[in-house]
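Chain nomenclature is as follows: A, B, C, D and E, assigned in order of appearance, with residue numbering initiated at 1 for each chain independently.
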């Protein structure tokens, strides 16, 4: 029996680093649970993320497969690792502001965050279904727990339970899909499926129908995770009930990771049957955009509104998804990167403004905020503008890329619907700004002091949002390269 | 000088942004106002460089600057000016100065934010006119949207929220379709560069089917038509105008609306001549409806600002007719009318704003006999109203006349009918404006609260004098403006002329006239 | 013979599953699931999956289900006598389910109608499974440790009672202060 | 000689019964149990395929699924306990504080 | 080019006056403002006289071009001026009469508010009027055309605090605009056919064209459209309605703008376009008919007016009708001749009326004046009376007064010209009878004591007067007013003599030699004398009737009115034309705009659709929200439903791979 080659471990180094730091936090979480020392956990987690990011460069220096071709380091993996770990780093920073404010500061939060990131890392890096499933479960379970982190709050626990039950329900479908795909192809390795072609199974019989059924089942699971319609029903409730910061995390990390999995599964393994599943994606894209945007129109709770918004955003990503080819994949990746930055940014402001027990998450609580706290208002506005898709922001360039890819694939109807949806969506984002700047405040709400981690986090989100909007070239090239590697 | 010629456009666009930075640094409302004034004035003076160094004989773009930006999409930062954009840009910088001046006292809360948005708006508007890259164009197009919506929403009047949101959404709905078309063009050509695309479109490289071309045309057109606004896309305008602060109304009417016809001339006519020709009939009819309809509805408005807003619908209808009958004279007239409308209607809104500052109502029935207490105001009022009515020797007439004449003598079908219907606008235009005059400054000074109104102060007199003199100058010296645009206009209308002979004859300026 | 066994235990599994549905008390449902699991273990044996069959009994039915039962006891869960409030589940549930079942069954049945499995094929030995776990499936095997860690951590975070009283008091105090402040400002 | 399709059909039936349990059962724990039933159905399919393909992998998958199920059970029951502590009910339909009313 | 006249200086002088008063007027004293206001037109008049002195040395026509006003493609319009016989006459009339009226206003307006504003506007009027008559192309003429309309609008509304005044101003402007609309379209046709607006380029082209026999010929269309423009400016049927209302303005304004100069612009324009009209006989017949009908129609209304200015206003409309009759008979010279004499005597009449009103502290009702001036006003204001008498004689066509020559010429031409006919001559003569009657009626009532003075009561409704006048006893007006009266009186007396022997018309002949051979003259028995005798007897008859009705037997008119009650009401109420326009056009238009267009189409249909989209979206959103009930099993059902649909598609719907 051979020793496992060192490169294998280098290829999963970020995950290892994160796990180690998570363990470290678990170990010291006991002694440093409360008071100022609790902050140590946060910084530890943040440092862990930074080191993990550094480890990504190590990972990048060793492209190739690892562990019986279960894990693959290519640009696609790297791209998503960067996005996901950076997102976690920002969330960690925010948590250092948010948790003390909420009286929730405990080290386990950071550990769970890091573990969730480990799971997501495996999701995006694995090219084998079982591994993907385990990664998915790690991140899901960690997220379930994070949702219920405010465990004395009935909303938080209800959200946690809803997410857990429905999530497991959807995961079961996903797993069933894996089983059928395994039965049809005799393998669970995605690239092997792509190589052998799914039409011919080892027994020499074509199982195209089974493959399609498996594709559908897997889409149910993944669609649930990315909150694509018609599997989006849980999103508003869970987003509303979960602690705001966790909502921010959920809307970004797991969603991006699930999309990455979907890319690997559908673009690589199931590419032969794309003519069929294309229409499924197409319909889901339209449904997600319309249901998300329409649902958001009349919301009064900003978290809930952003939940619907995130459904719609998933719809835009699905538009790019439907474009197929390297262009579609890179548009998905780019949009995800932009989306993660702007959405976490928005939730950063929201979670800071929420105050203890999240008292201020209704739109009316935002009245007059823009002028009383100009920088806070400005940041939130920029993130919302990015979500609308106003030029110079990452959201705009992401949308531009998405629509361009869709048009390139001659998806004219889909693009037009998406364009109209993005105009419709402007309404509810703008509504927030109406409250921020145009309505007089009803009650003077004080703002907790802005801590350094908060500023750092918001500034980096802002920076990335603008960077992707104004100088997207590097990110764009990276996304294109990743997409190309994904498909080869 | 050479360096300046190559970068002047960028300086003009981005000087307001520098102003924003400066605004962020200064403290105190007075200093903020001064800073805004200094930067808008500097931008105005800088923009005057353009007409002075513009080569009138050259129809293409001048002061070009081109910097690679996003190579993956072949996006460049390409800016430049031609006859179409030249004066519109100067109009923008000019009205921005006035915008600051009229906001001097009327804006009392959040002064800094107000001027920041105003400068941002100026930057956006200039960018729209100067961009020669479709991506850049769309970018600036949207950039104008945001500050305007905020200007309305924050500093507006009673129903400002509704108006701001409506303005934003309506415009957004149009512009997203334009974005789709821009991307389509990109997919065809692999570039966002306007000049390249135009050249390739003209050479028939893409083999577009008429249907496709029409869809592309419409995608651009609807965005622009909403901006114009062309009947029946106009209903956001009365709301937006009524609720906007004076400076907002001035810039909205003066510049933002012009982005519509500008876009049509630049993109619809420039890129899709066949579709333009095919759709022209309908558009002209809508424009004609707008002329008369806007005037009639303005006639019965009880709210002064709505009245002026509907007058814009009417005036912009003229421009639409001028643009879509494809005659050299009519198009030149349309370009001129854009400038005229900017100055005159801007002036009208300033007039309304000055009354509002004193009485805090737009209700026409609250006024009457103002001339008694505000004679100077009344003088300017009459002057600017007359410019809007189209009194010869003031600016309005030249544009309207050229449009009507160009339309009447155009080579399109039913040109005579178009011209005659447009001329009806001359009658109805006088109707509502004089009606307004009669009920505002004339009549008995019945309302006791009007008896104590103060006449204009020096600042206000300065603002209105500037406008009045400009209306006079533009009324008598149109060749000064139009000679610089004619070469470009000739290029724009060139594909629409039926016979080469007619078109070349149209370009020959008859020097011997009257000698 | 195999077919008979398959049918008997298959029927048992289905019956257990239906009983799970029919029973109103969660404890009976849990026990029904244990029945299903046992029946399935036999089916695994029929399929030659010796290792899985025993793991099914020991870990699944033994450990996991015990956990369920334990929780049911702890929570003192009884019958839920609530009127069902989900209209869509009530009206659309059955049609949806029928549709889903027909689709799934006909799909899997149709695709492999021709394939028969012979009992003659060798039993999957535990050895090769172990080997592949530490060889081919080394990574997932290692990663499941993280999974468990998360599970443990999660359970601790959510279910453990451990807040120190004075901290809670302090938190409450702070909360009250904030409320008072807000009230004063109002 | 049992056709593969029989096993697969059984697995599909169990899966669907699991779904039915989720849709129709009224208390949280049974709903959770129904999920376990669905997983069991899937496991059967894995084993059957593994057998048909003469592979070990399928069996290993089932092993991993069980591991996952165990972790899920731990967390899930913890969540249920937390919920019950807050709400003092196990009725699924009671848990709809969140949602657009 | 031997001589440069710099004609542009003439209008610009007036414009300078305007600017000076506009900018500094408020700060100037009344005296200084008046001085500025008079000085510039005076210099302009002087300049005009200098131009006359250069006349023999000038080429005819004298042309000068300056900057371009518009220039793009084929369209090039210069700021160019033209001096020929026609514009010379107009120049002298405008500057001369204009100057006199400016001087008169110094006195008249001395006690009115807004003194500088008045001169400001009067100057700007002069500027536009001079531009109109000196322009060498139609479009520059249009500047003046519209500009005088603007000045008229402002001056009619001079007493802006009176609602009637501002309403009248608006009415004038908009009615004019209706005419301008047609004028503009006429211009478009001109440009469409000839690609120029410049007279010196246009008319040679026109003169190469044949006389048109059909109604649809381009020249006929152009001529008709231009004529509609003229009916607006010169207050002909159907657009005359604004002129009577225009009397709301100060009386000097009525004299200058609404009698002497502006309203004749239409006549001037038609004469200027003689080349076109000569080739459009159908258009000529329309001009003739409209002119004759207007003359009669307005005169008939004038018969029963009680307000002295209204009488004069309808008289003006009527006299303008005569001028158009002349034009319609293709005898443009006669039209211009009458234009000139009319400027004298009608200017004089208005100034006289102004003087009366001034004397009576703003009273305009003739019967009220008569009542307020016991023993007859002529005793109090002899100069006014005498000059008014001269003017009345002139307008009535009493021999040896100026109006006699010009009106007689027109009637004769109408009868004899190939374009005219006996019918229109008869109509004109009837109108002349009426003119004579109502003018002498005005004279008698205003200046002579009521024979039943002892019993006299003011039957009239209280007249609307000028607020700013105090109430004083009747008095003669100051020198500033009487001197212009006397000068104009002199002109009204002798102004006709230059027309004896058609000298005036021959002077203008070069302008009206359009290359169309004149139609054969219709011979009549007795020649010109027949017509003259009839005219004179008609004029005397009118005089006698007026004497009979208003001096000899004042009870007679009432009896007559009672006996023809219906007709009396009809005429007294000006044939209900204003009411008819109001009921048919103005009010329906406003109501339509408000109810249908604004409330219905705009707010209801279009904005309703826009808001409807928003509302629908919101409602859809609400509908969706209802699905988000928060129930886990519902959500699971949706997932299951989604799963079922996806699988169904994958099973049945998907393309077979």
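Just so we're on the same page, a contact is a pair of C-beta atoms (placed from the backbone, for glycine too) under 8 Å apart; a residue touches a chain by one contact, two chains touch by 3 or more.
Small disclaimer: the values here were computed from a predicted structure and weren't measured.
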Chains contacting each of chain C and chain D, listed by label: A, E
By CA centroids, point me to the most central chain in this structure. B
Of D-E and A-B, pair with higher C-beta contact tally: A-B
Of all chains present, which has the mean Cα position farthest from that of chain D? E
Could you grab the centroid distance between chain A and chain E? Build each centroid from C-alpha atoms only and quote it in angstrom. 78
For chain B versus chain E, what separation do you get between their C-alpha means, in angstrom? 36
Compute the distance, rounded to whole Å, between the mean C-alpha positions of chain B and chain D. 65
Using mean CA coordinates as chain centres, what's the gap between chain B and chain C in Å? 67
By the touch definition above, chain E meets two or more other chains at residues 614, 625, 628-634, 636-638, 640-641, 643, 647, 651
Send over the residues of chain B in touch with two or more other chains. 169
Give me the residues of chain D that touch two or more other chains. 8, 11, 15, 18-19, 22-24, 31-32, 45, 48, 52, 57, 60, 64, 68, 71-72, 75, 78-80, 82, 92-93, 95-100
Mind listing each pair of touching chains for me? A-B, A-C, A-D, A-E, B-E, C-D, C-E, D-E
Complex interface listing, chain D residues touching chain A: 8, 11, 15, 18-19, 22, 28, 31-32, 35, 38-39, 41-42, 45-46, 48-49, 52-53, 55, 57-58, 60-61, 64-65, 68, 71-72, 75-76, 78-80, 82-83, 85-87, 95, 97-100
Touching chain E in the complex: which residues of chain B? 166, 169-170, 232, 234-236, 293, 296-297, 299-301, 328-329, 332, 369, 371-372, 375-376, 379, 382, 386, 391-393, 397-398, 401-402, 404-405, 408-409, 416, 419-420, 423-424, 426-427, 430-431, 434-435, 437-438, 441-445, 476-479, 482-483, 486, 489-490, 505-511, 513-515
Would you pull the chain A residues touching chain B in the complex into a rising list? 371, 374, 385, 388, 390-392, 396, 400, 403-404, 407-408, 415-416, 419-420, 422-424, 426-427, 430-431, 433-434, 437-439, 471-473, 476-477, 480
Contacts from chain A onto chain C in the complex sit at residues 1, 4, 12, 19, 22-23, 26, 34, 66-68, 70-71, 103, 106, 108, 111-112, 115-116, 118-119, 122, 130-131, 134-135, 137-138, 141-142, 144-145, 148-149, 151, 157, 160, 180, 183-184, 203, 205, 207, 209-210, 213, 355-357, 443-446
Which bits of chain C are touching chain E when the two form their complex? 84-89, 92-93, 96-97, 99-100, 103-104, 106-107
